[in-house]
Amino acid sequence: MFTHDTQIRIRYSETDQMGYCYYGNYAQFFEIGRVETLRSLGVSYKELEQNGILLPVLNYEVRFIKPALYDDLLTIRTLVKKIPRARVDFDYEVYNENNTLLTTAHTTLVFISAENKKPIPAPEEIVRKLSLYIKE
Amino acid sequence: MFTHDTQIRIRYSETDQMGYCYYGNYAQFFEIGRVETLRSLGVSYKELEQNGILLPVLNYEVRFIKPALYDDLLTIRTLVKKIPRARVDFDYEVYNENNTLLTTAHTTLVFISAENKKPIPAPEEIVRKLSLYIKE
Amino acid sequence: MFTHDTQIRIRYSETDQMGYCYYGNYAQFFEIGRVETLRSLGVSYKELEQNGILLPVLNYEVRFIKPALYDDLLTIRTLVKKIPRARVDFDYEVYNENNTLLTTAHTTLVFISAENKKPIPAPEEIVRKLSLYIKE
Amino acid sequence: MFTHDTQIRIRYSETDQMGYCYYGNYAQFFEIGRVETLRSLGVSYKELEQNGILLPVLNYEVRFIKPALYDDLLTIRTLVKKIPRARVDFDYEVYNENNTLLTTAHTTLVFISAENKKPIPAPEEIVRKLSLYIKE
């Protein structure tokens, strides 16, 4: 398994009138989690796109255990458990500063060609780097 | 089962550089779907809150079949299949103008007291109105 | 002068913990205002882009007089006072259901070529249609 | 004058199909700029609110010189030039990693009482701390 932690602080714009971080904003946090996970492996998602590879989301599931609040400094833990093929799975855990688990989530994304929007195999660089951490 | 259709048009702000509606924005569309579903039953979510009842999301699952694009006029179909108790489940289907199914989703929300944040039974008015449509 | 009214309803996601519509969201409302203004003239902003014309914002000024609140049904009034050349100016007024003026704003946008990002003259169709309403 | 620099990275969700950071998102960046400016002075905006002080935006002006792009690491420079009274003015400059000026902006906010929404003087702590840097 490969895990990576990144931190984000809840913006005022991300609160709602319930005083919680709006449930729709977590999708952005998980996007940051996976982009920073790739960056920690030396892979730039920006460059993937420039090389004609897109990575849209197929499935997204999230469970809200406790709310995140304004100005909370959250840890987004991203977990990769399987070597990606055409698809890549990420798990996520969100913790606040007291190390309380607030949220868990899962996404499945698919590597596609920007040109024809057809699925393609995971880039060899990502497979090779993750293989150092994930034994199958 | 009770179903309700509402329409939204994809804003430029909701696109991303892939040219798709960003996956995180659908949470807002489903919020609109359930608020308009309640409104069609004569229930104002705004007034629920003013009466001390909050309705945070516990679980949210979404499956992306085809992308929504800029300026698409989407139909958000919201389905209620069970009479709510402390929790309420909504299913969603998103169609574009060609009646192509783009997205399906499910949320579970919980009625809580604004005062003490404890779960409470679904408001009697909602239960009564949905009972006209849902036989259990 | 050419004016056009369009309506939007404040989403829960657009509120903040102050109980107001977050000040950053108005930019989206004004985008809707100008896109619907163009549509009312028979011009699709989507098609403009497909024809290689982009319309980024150069300047944006907004004055907040009274807050918009959750579930408010707002009228976005968009005003075009001058025939556009390379640049196009829009003024905006936001009213709530009591016809109270909540917000005024102004944007300047510039027509550019998608290909080389250089300024280009306003599309002849827009100039011609606005000329029916604006005397200079 | 008091100045403070903070950094943000452009999220995928913040891009639009023009490939630019959407113009409406900068309002969030400036919110971060002023909150981090206050934090650098030892003032927590979160605690201000908990003490019954709100700080809504009255005016916001922004000029877009060059676009910010996906994954850009931006520096938000926040400038306070005058000691606040009931109102507080912030200026902003946004730079990319090449130190190119992308955007300038100005906001005026007003200190109000959460209880009755009436203007109140700037908190003494903020005035005192800024007075160390701003000579009038």
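Here the chain labels run A, B, C and D in written order, and each chain numbers its own residues starting at 1.
Here is the rule we use: contacts are C-beta pairs under 8 Å (C-beta built on N, C-alpha and C of every residue); 3 or more make two chains touch, one makes a residue touch a chain.
Since this is a predicted model, take the numbers as computed values, not measurements.
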item	value
Far-end chain from subunit D, centres as C-alpha averages	B
Self-contact between copies subunit B and subunit C, residue sets same or different by half	same
Between subunit B and subunit D, centroid-to-centroid distance (C-alpha), Å	34
Distance between the centres, which are taken as Cα means, of subunit D and subunit A, whole angstrom	28
Residues of subunit D whose C-beta touches two or more other chains	12-13, 17-18, 22, 24, 27-28, 31, 49, 70
Residues on subunit A engaged by subunit B in the complex (per definition of touch)	17-18, 20, 22-28, 31, 49, 54, 56-64, 67
Touching residues on subunit D, where the partner in the complex is subunit B	12-13, 15-19, 22, 24, 70
List of subunit B residues in touch with subunit C within their complex	11-13, 27-28, 31-32, 35, 44-46, 49, 70-71
